[in-house]
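The following pair of complexes shares a single chain, subunit A, combined with subunit B in the former and subunit C in the latter.
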Partner chain A sequence: MNIPVLEIENLKTCFDTRDGMVTAVDGVSLKVNKGECLGIVGESGSGKSVTFGSVMGLVKKPGFIAEGSIRFNGRELVGLNGKEYRRLRGKEIAMTMQDALTALNPAYTVSNQIIEVLLAHDDALTGSRRSKKKQARGKAIEMMQLVGIPAAESRLDDYPHQFSGGMRQRIMIAIALSCKPTLLIADEPTTALDVTIQAQVLELIADIQDKLVMSVVLITHDLGVVAEYCDRVMVMYAGQIVESGPTRDVIDNPQHPYTQGLLNSIPRLSDLDRKITPIEGSVPELIGLAEECRFMGRCLKATDACKTLIEMRDNGVDHQVRCINAGMVL
Partner chain B sequence: MTDIGSTPDMNKLNTVAGETLFKRNMKLFASSKLSLFFSAMAIGFILMALGAPLFAPHDPNEADLFLRLLPPAWMEGGDWSYVLGTDALGRDVLSRIIYGSRGSIFIGACVILVATTVGVLAGLAAGYLGGWVDVVISRLVDILLGFPYLIFAIALIAMSGPGLQNIIFALAYKEWVIPCRVVRGETLATRDVEYVEAARAMGASKRYIMLKEILPNILSPVMVVSTVRMAHVIILEASLSFLGLGVQPPTASWGSMVADGRSYMLDEWWLSTFPGLAILLLVLSINVVSQGLRDAFDPKFHD
Partner chain C sequence: MTDMLKVRGLVKHYDTRRGIWGKLTGNQGALVQAVSGVDITIQQGKTLGLIGESGCGKSTLGRAILRLHEPTSGTIEFDGVDIINLDAEAMKAMRQKMQIIFQDPYASLNPRKTVRQIIGQPLKIHGKVSDAEVDGRVQEMMERVGLKVGQMNRYPHQFSGGQRQRIGIARALILNPKFVVCDEPVSALDVSIQAQIIELLAELKRDLGLTYLFISHDISVIGYVSERIAVMYLGKIVEEGDTHTILNSPMHPYTQALLSSVPQVDRTGVTKDRIRLTGDLPSPVDPPRGCRFHTRCQYASEICKTDEPLYQTVSGTHSVACHLVGNSG
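So, the complex of A and B:
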């Protein structure tokens, strides 16, 4: 079942700032298939959110898409006008925001916020505005139950501040899923949550994904989450994809020194004596980068050969790496 | 509750189920005795203006030259049917004060209504849309702020002539600038908040986001500002009437009553003093109410 839902080709998103042109996303190409869960990993500032902000058409000035194409179900999204984009957002592509605690409008009840989305997008509602509202309310209760909110019916008319963080995250997911989108972009859905709630929320997304045959893009910086829930994973660094492949492959046999570094910096309960090795330094500034490996400055294996333009190269089935040393035993 | 604390103002407040922050804040406002007392006073003034014919003992414009310049009732030569005395034409001062409240309150309310509506819409557009819309509106605001308020209003009335409508527009013409600035700032602070971003991600239009997502969240400061400004506008209206550019005679107005009484100030002090006192009390009550609202609605004042 390899029908691509989302295809991004050579996407370049830039921000025209006072200090110069910042290329936040530089030549990203990727594919999300139907019913698949793709994990996007990378540290802060690696361009994960900007990439999918570009997909949603939510990149704000001074940012703009400089090159590339984004196709959703075969339809080109770059250059789509505001009205057409609005029809797509929420209905076919939904996105949950990073911070669940502030992503719900404090001035409205939860029911109000779910119903508003249904009224805007759901064509299945019929009749007068009042009967539409009534149907939407029924659906809202269904959605709240689906995301596992106890006593959904009585809690529907509560305000966001009356819910806990995990509950609010679930409500966000309920809103995002209310119109049964083809693609869900979950931008760090679990960062603000504690571990038990985190697992519940992710199980929930996986569950609904199965039920609705929905594609999911899970943006995170937690490789553990990726290992557990994603079919494929892409590692981003400084605006580029540096490694991509099936989750098992990438985690068991990481090729890029950055991926290796990320995996080495995870503490393991099974091996408490092992020292955690952090990756020294931080992501380079994305202004006027030379044509060379962007990870070079922090890489322990860097050689002079890294000072050239490095392309993605194949390394096994469906596994690609942006490193000239990949595959070599050093 | 997993309280992560990124929205302290929301989480810190112990709210009862189903109670909005607005209701909670109104309760907080009502818990202050001072606020309640002055709210009652402001409401008293409004009732007085609405039911002027019921309260006024005489026709405010009925002149009786035989009864001119009567002192207040408790002074020698006073008459209890003219409690606050009579003016140079023998008109009842109390009745004129009661009728005069109509002009002050009506003009104040209209100016604030017009200015707030225009200001809020312009501020939302400037703050949310940004770009050239923001440049045009913000520069216009800067230019209008460069003129002294009263002189600007006098110039406008001099061009258009006095009259209720003209006074309201002369004042509203500049007054919208204040709510506009407040709303623009609040919008800038709110436009990048996650829930606005989330609304965009769910396919909301710009108009929907401005009016339905942002506006309800910035209404509190607008409410506070408009009450403070209402007091200012009432003083301005009184100043215009004092200068003879406001409500035209023979209609009673506090400002013109103070002006008329000025020439009798030394002997017949009550002519200017009582309308002046009325202006003072109305403005004071509005200011105290707005102060109370600010205390209740500004999270910085919550402990």
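So, the complex of A and C:
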């Protein structure tokens, strides 16, 4: 049963810069269902963080949402004012940032930062402000235990710099999960971490996702992470989704030349003799793009037919691709 | 096959203990034991992959080998010469043969210099050639690494990450070195660009007969580029062997855990048999007694807490430092 929690339709987010209008997200449509984990893959500048920054209402001047709709549990988010957004953020939708050290406030203890969220959003807290604070502190300890921080009670009043990178990431997850959100957006949660710690953090998220029947959006550039943890995956390139589908389907049977190129450019431990093939060239500038395939300049299969507006098209069950050559044997 | 590099018992400590100031402020500092007795050998024309988590001392090791950071003790034999006792002038001459490529292509290039100046500087420092010759060599090198010669008067910020890394590579190779330390050369790059740089480094190695020490935390990359792999944990090498042996039959529990933690595209769902390491890397200021890995090792027994395991050869060229492996196990 697929109940959509988040529905984005034709989202277009632009930044008005000195050099011209940058369309960082250009016509993104997607759905996140209840309890599922959606992976968003793309290189830097592909628009993956801006897409979900738009969902969180975090796009600030010179950026703005030019078009499109973002619905969360049926409610339109585009155009909400600051107050309405604050009620939602942290409570129903939570986001963890890539770099835990810059996302946490260095001047406040960890307990301060977890309790702040609870006091703002948790309706289960009752009584005077003092008693609420006390209950929140208890919950903060629970959260820290949940994310696997040893000696949680004694470490609660430490500052972020006193924790290691993996522990900081856990603290950010603890803050994000403290109000049991319906949707967690995890932006590169493990990029800054070592592999053994990465495994711990990802398994923690998967575990909590199961327990709370939470939906998760996992933004990453690591296809291995997607393969192991995500139900569905979307590949972004230059502000657009170029391929989307069930993870296994997309990875085993990629249709877009960019997805194929990505998969061919990573060495695989299981087959080190397999030669890697880089994608030549680099990502186009996002200013003044013509209505044509954006990958054309780097694509080996490009023809004149690619110089038109290209829409997503169906390619099998729940598998879509933005390429006119998809499905054809070349 | 001759040995290009032979390192024995290399130790690098950073002493941040302070004198009177430390006493007054209460900030005593500490003795950071970044590298604690490392033996490695790299044969000419081969790549040794050095893998380990952040803070294990792998970058320090790379720099200590070039004497960019003066080693605390140990010996380094490079191309048949003991370089540890060379004076500054002799060492400078030796550095023409040993170069380094840095991780961050943003921080390792001087933003105020043009690409021509950056790539040509090593030639000028070593005072070998006239300005015209420098330009000629710079152009040759730029073409070699896939940069457009027409861009030689541009500044680093006008290039993308991948192109900057090419500039760093050109700078390292312009003196025709024999040995290059590649310190996480692709970690800061996007996946598709990573592959371009890996292929470029492989091609240069083939064509110029280079020897690499390739430092990375990415096991897939290390596995792809190296003939041999050394695994480092908290300042020590815990296992070393042929790439095939290390990846297919690792013996040290740390290597096993590291390998099983790597997410792979051809696996679905969280693997049930994944070895889960708990906790974080202990501090190199106060490394655990005995085996340094015992605090996170699922097989640790009493002896691991007290005695340091010997680094012993298990078969052929495969060496492991673990009580569970070899005679006792």
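We adopt the following convention: the second predicted complex is superposed on the first by the 330 of 330 C-alpha atoms of A that agree within 3 Å, B and C clash if a C-alpha of one lies under 4 Å from a C-alpha of the other, contacts with A are read in each partner's own complex, and residues count from 1 in each chain.
As a convention for this text, a contact is a pair of C-beta atoms (placed from the backbone, for glycine too) under 8 Å apart; a residue touches a chain by one contact, two chains touch by 3 or more.
Model, not experiment: these values are computed from the prediction.
*Asks:* Using the touch definition from the top, say if A:R248 reaches subunit B (first), subunit C (second), both or neither.
*Replies:* second
*Asks:* After lining up the shared chain so the two structures overlap, which partner does A:A227 touch, if you call subunit B first and subunit C second: first, second, both or neither?
*Replies:* A:A227: touches subunit C, not subunit B.
*Asks:* Which holds for A:V50: it touches subunit B only (first), subunit C only (second), both, or neither?
*Replies:* In the superposition, A:V50 contacts neither subunit B nor subunit C.
*Asks:* Counting only touches as set out at the top, which of subunit B and subunit C does A:V59 meet: first, second, both, neither?
*Replies:* Neither subunit B nor subunit C is touched by A:V59.
*Asks:* By the touch definition at the top of the document, which applies to A:I197: first (subunit B), second (subunit C), both, or neither?
*Replies:* both
*Asks:* Let me test your reading of the model: by the given contact rule, A:G166 touches which partner, first (subunit B), second (subunit C), both or neither?
*Replies:* both
*Asks:* Check whether A:V5 is in contact with subunit B, with subunit C, with both or with neither, and answer first, second, both or neither.
*Replies:* neither
*Asks:* Check whether A:V321 is in contact with subunit B, with subunit C, with both or with neither, and answer first, second, both or neither.
*Replies:* In the superposition, A:V321 contacts neither subunit B nor subunit C.
*Asks:* Which parts of subunit A are touched by subunit B and by subunit C alike?
*Replies:* 164-166, 194, 197
*Asks:* Subunit B touches which residues of subunit A in the complex?
*Replies:* Those in contact with subunit B are residues 56, 58, 61, 85-91, 94-99, 101-108, 116-117, 120-121, 157-162, 164-166, 172, 175-176, 192-194, 197.
*Asks:* Could you list, by residue number, the parts of subunit A that touch subunit C in their complex?
*Replies:* Those residues of subunit A that touch subunit C are 43-44, 150, 164-167, 194-200, 202-203, 206, 221-229, 247-248, 251, 261-270, 272, 276-280, 282.
*Asks:* Which residues of subunit B touch subunit A in their complex?
*Replies:* Contact set of subunit B toward subunit A: 1-4, 6-7, 10-11, 13, 15, 17-18, 20-21, 130-131, 193-195, 197-205, 212-213, 216-217.
*Asks:* Per the contact definition, I'd like the list of subunit C residues that touch subunit A in the complex.
*Replies:* Per the touch definition, subunit C meets subunit A at residues 53-54, 160, 162, 190-196, 198-199, 217, 219-221, 223-224, 243, 247, 257-259, 261-271, 274, 276-281.
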